[in-house]
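Shared between the two complexes below is chain A, which has chain B as its partner in the first and chain C in the second.
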Partner chain A sequence: MNIQLTKNSLATKVSLIIGVLGLALSLLGFFANHEQFFYSWLVAFAFWMSIALGGLFFVLIHHLSGAVWSVVLRRFPESFMAILPFMAIFFFPIALGLYDLYHWAHADAIAHDALLQEKAPYLNIVFFILRTVFFFIVWSVFGRLFYRFSIKNDVTGDAGYITKAKKISPPAVILFAFTVTFAAFDWLMSLDPHWYSTIFGVYYFAGSTMATYAITTLFVLYFAKGPLANMVSVEHYHDLGKLIFTFTIFWAYMTFSQYFLIWYANIPEETVWFAHRWHGSWKVVTLVLAVGHFVLPFFIMLVRAVKRNPLALTIFALWMLLMHFIDIFWLVMPNLHKEGAVFSWMDATTMIGIGGLFLWLVFLHLSKHSLVPINDPQLQNSIHHTG
Partner chain B sequence: MASQAEPLILGHPTFRTITDDVSQLTERKTPLPWYFLFAMAVSLALLLFGMLAYLFIEGVGVWGVNIPIAWGWAIINFVFWVGIGHAGTLISAILFLLRQKWRTSINRFAEAMTIFAVICALIFPSVHVGRIWLVYWLFPYPNQMAMWPNFRSPLEWDIFAVFTYFVVSAMFWFVGLVPDLATLRDRAKNLRRKKIFGFLALGWRGGNRQWKHYELAYLLLAGLSTPLVLSVHSVVSTDFATSQLPGWHTTIFPPYFVAGAVFSGFAMVTTLAIIVRRVFHIEHIITLKHLENMAKVMLATSLMVGYAYSVEFFIAWYSGNMYERFVFINRALGPYAWGYWTMITCNVLVPQLFWFKKLRTSIPVLFIATIFINIGMWFERFVIIVSSLSQDFLPSSWAYYRPTWGDILTFIGSFGLFFSLFLLFVRFLPIVAMAEVKGVLPEANPHYENKGEHS
Partner chain C sequence: MAQEQKQIYGILAEFESAAALLHAAARIRDAGYKEFDCHSPFPIHGMDEAMGLKRSPLGWIVGLMAFGGLFLAYLLQGWTSTIDYPLIIAGKPFFSYQAYVPVGFGIAVLFGALSAFFGMLVLNKLPQPWHPVFYSNNFEKMSTDGFFISIEKKDEKFTVDHTTTFLASIGGQNIELLQGDRVE
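== the complex of A and B ==
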């Protein structure tokens, strides 16, 4: 049994070309308006990082829970997490744009701001960079390690690698939880350096995991027409649909907890964050997010038939990815465009640029090895999984 | 999937032996130790009622509450018992939706425990103002005095959330009981048993159509209960988190409280399961595998709670807010530091034992660890409530909080009520869901072939 993506497939080439074009256009944007460029870049970076990290989480939970159903589609999230070390490259523009992005990076601002002085031991450029370096080391080590286990199991047929993955997954999940939390605090929450919310890390995680299940669903549905035709069934679609649904609700639970408690207590230093997002046309984005990221998907995805219909599921997964983008856009952009929502062409080019290269790297990884973990002892059970 | 998996029930039981093993517990003559235990539990329950009477006569002055600690043990005990009441519905609803078949052995008594814990919990908000004759003020009844409950108060939401949870959990529990009650009716040797169980079994005959309806009803109830598992403790957390008090007002409270509730509930289920399986000789039905799975859930939820403790601490510093910082440093190093470190030890350190298979499959270790977790989770509420209130914004009113004997005996008494109800349950109702356990036996698989291993 050998199910492999052909080398230099059309998808690989197209994503490389699109990615390079997107990056080239974004570079033009840098010269046109560097502040907009850095903010757009941060949105795109946080979006694609969330998929890569979500891939790591998928694999960790798969091993941790001893899941069977997801064996056949595990290679997709595995290739998302395998490119975590390469994702570090996309952090460089942020490191260069710290001054434009983060108010706490301004020495003159700190001098006049007692709160920022209090936070300076944490919010300073050197420590910020060191933390991100540390996060990437942790993620790259686990991403590559679990990828290696899976590939070794493919090549050698030794099921011991799966056992090893199972053994390492619990401590890896703990490190994952803390690194992702602090990454969300650093990259996104500290954009508004006075504001704080304990749930913020879980909030970013919830949306990221939802998006990862959505993009995994798209990969599965795409390959189900070709090489995976006899391997994945409607039961797998159904389970993926249920997971997107679950994490959509989980995201709403986190979002609502954060909003509701801040609204109710009505402490100005906290409510200001929502006030920015309720100002001018940002109000529309907030409402789109509430309806589009929760209310509509909740009622539509509740229907069993939607989760079992490939076309409906494709539309739904794409919609949720769009909503995840809007979510991150909504977290980041009110710090730049305070008067109202502005969608810049750079938001599109950075998303396409990083996204194209992300997909190119994923396809490269997929074409090097079998599309399914052929020697996983549970593969047959996963294929014949009946829900 | 089930082909290579370990069997969930040990000792090659048949449908017949499962029915016998579980039913005979309710049919035999009441064992003597039961009377002894029941007498003890009822005495403690009487102590509770006595303490409540004392409270109603004297007023809340019999407790150690005072300004600024206006919320003392009553709300600690309330949150403690509601938290314990989370495991049952989690096991029966969420694990059902997740198709975790191992739940069948433990769901019945976990659900029963849930209902009894919620009963204990509901006592405290009902009596906490000491004026039981005004308890109806909690409910939005049509009233000419224009005295409406304050719908904007999270304490009012508590009443709705916990009552809804109680009603749905009780309904869920009863629906699950129906087929087993019919089994007891059919086995009844005297008319009285036949009449009582016949009444409760609602005319169950076990027909194909009845099973079809039953399974659909069970699925729907599971779906309805699932959001309730999350909502109840989320609402409980808003009692604190909607305020502006440092240490209470923090956005992670809802999921953090839910994780803590599941944690404490599983600890209580495990403690009780260890006793029940031993006393009633059902070790082949509630196997070590079940206990191990529960230990894993406890480890996971312990880590979540530990995550919340650390993030709260970090954000208190990161906020730059001097009051936030003070509260958290005061928790760890102030006058109630002993409570804080008890909480950390019991909730975060002790469960780390469950990383090791040897320890999480050892009955004595599990038993002791789960008791530690229960203690730790009580202290978690103590730390949250007392340490945040006692040193508030007015240093002139700072004082060390001490419970009175009234506080302590009321709390001890609530265990009496809990165990009285639990003992009645284990005596008179099937403590294991027989019909569901039969469903996970290999014989229930349509492809099952008996390879000559007659048992």
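== the complex of A and C ==
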């Protein structure tokens, strides 16, 4: 049994070309309006990072819970997390744009701001960069380590690697929780340095995990037509559909928890964040998010037939990825366009640029090894999984 | 003399294993029987399909009850705080739908859980302290290592002779007539 993607497949080439084109156009944008470029880049970076991190989470939970059903499709999230070290490259533009992005990076602003002075021991450029470096080291080590275990198990047939992965996953998931929380604080929450929400990290994580299940579903459905035809069944994508559904609800739970406490307490320093997002046309985006990210998906995905229909599930997964983009856009952009939502062409090119290279790297990893973990002891049980 | 008065309720057959039971259930389904039941010490994967059972309507019942609960919770909170006893709390509007979410969610979950539990009992016709299969002494094995199928007399296709031969032909052993004097 050897299920492998052909090297230099069309998908690999197309994503590379699209990615490079997107990056080249984005670079033009940098010269046209560098502030817009940095914000657009941050949205795209946070979006694709969330997929890579969600892949790590998928694999960690897979080993932590000893999951059987997801063995056959584990290689997809494994490829997402395997490229975590490469994702660090995309952080460089943000490091260069700290001054444009983050108010707390302005020395003159700190000088006249008591709150920023109090926060300066945490929110300063050196510590910010050091933290990000630390996050990427943690994620890269775990991402590559768990990828290596899986590949070693493929090549040598030694099930001991899976046992090792199971043993390391508990401490890994704890470190994952802390690093993702603080990364979300640093990259996204500190855009508004006066505002804080302790639930913010979980909020980013909830949307990220949902998006990862959505994109994994798309990969599974895409390969189910070809090399994985006899391996994945309706039961597998039914379960993926359930997980997208679950994390859509989890996202809503976190969103509401954050909103509810701020609404109840009604303290100006907290409500200002929602006031910005209720101002002008941002109100429309907020409502689109509430309806499109939760209410509609909730009622549509409640129906069993939708989760078992490949076409319906494909449309739904794409829709949820769009919503995840709008979610991150909504987190970042009100800091730049305060008067109302503005969609710049750079928002599209950065998404396509980073996304193209992201997919290129994923396809490269997928084509290097078998598309399924062929020597995993639970593979047969996973293939014949019956829901 | 008492023998003649005994009523027939159905036929019971024993099968060797869980796999044989699954296979036999599919054969009985294909033969067109509707009123039959499989008895096993543990749940068998794929049995619903083998027996030709439809999906349970329980999900719809739970869903409707949960939304009903949500609606009632909003009605209660909305009515008390806007009509019955309006109070200004923290300067918020009387009808503060945000504040009703936790209770609404809780009541929806409560209604859903209760309707799942009782709906399951009703749909399974439980509690059922008596069943014709209890006439069989052999049936005691069912709680340890016995796999049985019973076909009930009320099935349209049921005739003692045909059903007995049919059960024997698909691998049924220890076939016995379930009969007794219980009047339904």
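We take it that the second predicted complex is superposed on the first by the 387 of 387 C-alpha atoms of A that agree within 3 Å, B and C clash if a C-alpha of one lies under 4 Å from a C-alpha of the other, contacts with A are read in each partner's own complex, and residues count from 1 in each chain.
Following the convention adopted for this analysis, contacts are C-beta pairs under 8 Å (C-beta built on N, C-alpha and C of every residue); 3 or more make two chains touch, one makes a residue touch a chain.
Quick caveat, the model's predicted, so the values are computed rather than measured.
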{"item": "Fit or clash - chain C, chain B, common chain A", "value": "clash"}
{"item": "Touching partner for A:Y264 - first (chain B), second (chain C), both, neither", "value": "both"}
{"item": "First (chain B), second (chain C), both or neither touched by A:V155", "value": "neither"}
{"item": "Chain A residues touched - chain C or chain B, whichever exceeds", "value": "B"}
{"item": "Which of chain B and chain C A:V295 touches, first, second, both or neither", "value": "neither"}
{"item": "Chain A positions touched by chain B in one structure and by chain C in the second", "value": "260, 264"}
{"item": "Complex interface listing, chain B residues touching chain A", "value": "1, 3, 230, 234, 238, 241-244, 249-255, 303, 307-308, 310-312, 315, 318-321, 355"}
{"item": "For the chain C and chain A complex, residues of the former touching the latter", "value": "45-46, 59, 63, 90-91, 98-99, 101-102"}
{"item": "Chain A to chain B touching residues, read off their complex", "value": "68, 114-115, 118-119, 122, 170, 174, 177-178, 181, 185, 194, 196-202, 253-254, 257-258, 260-262, 264-265, 267, 269, 381, 385"}
{"item": "Chain C partner contacts - residues on chain A that touch it in the complex", "value": "256, 259-260, 263-264, 266, 302, 304, 386"}
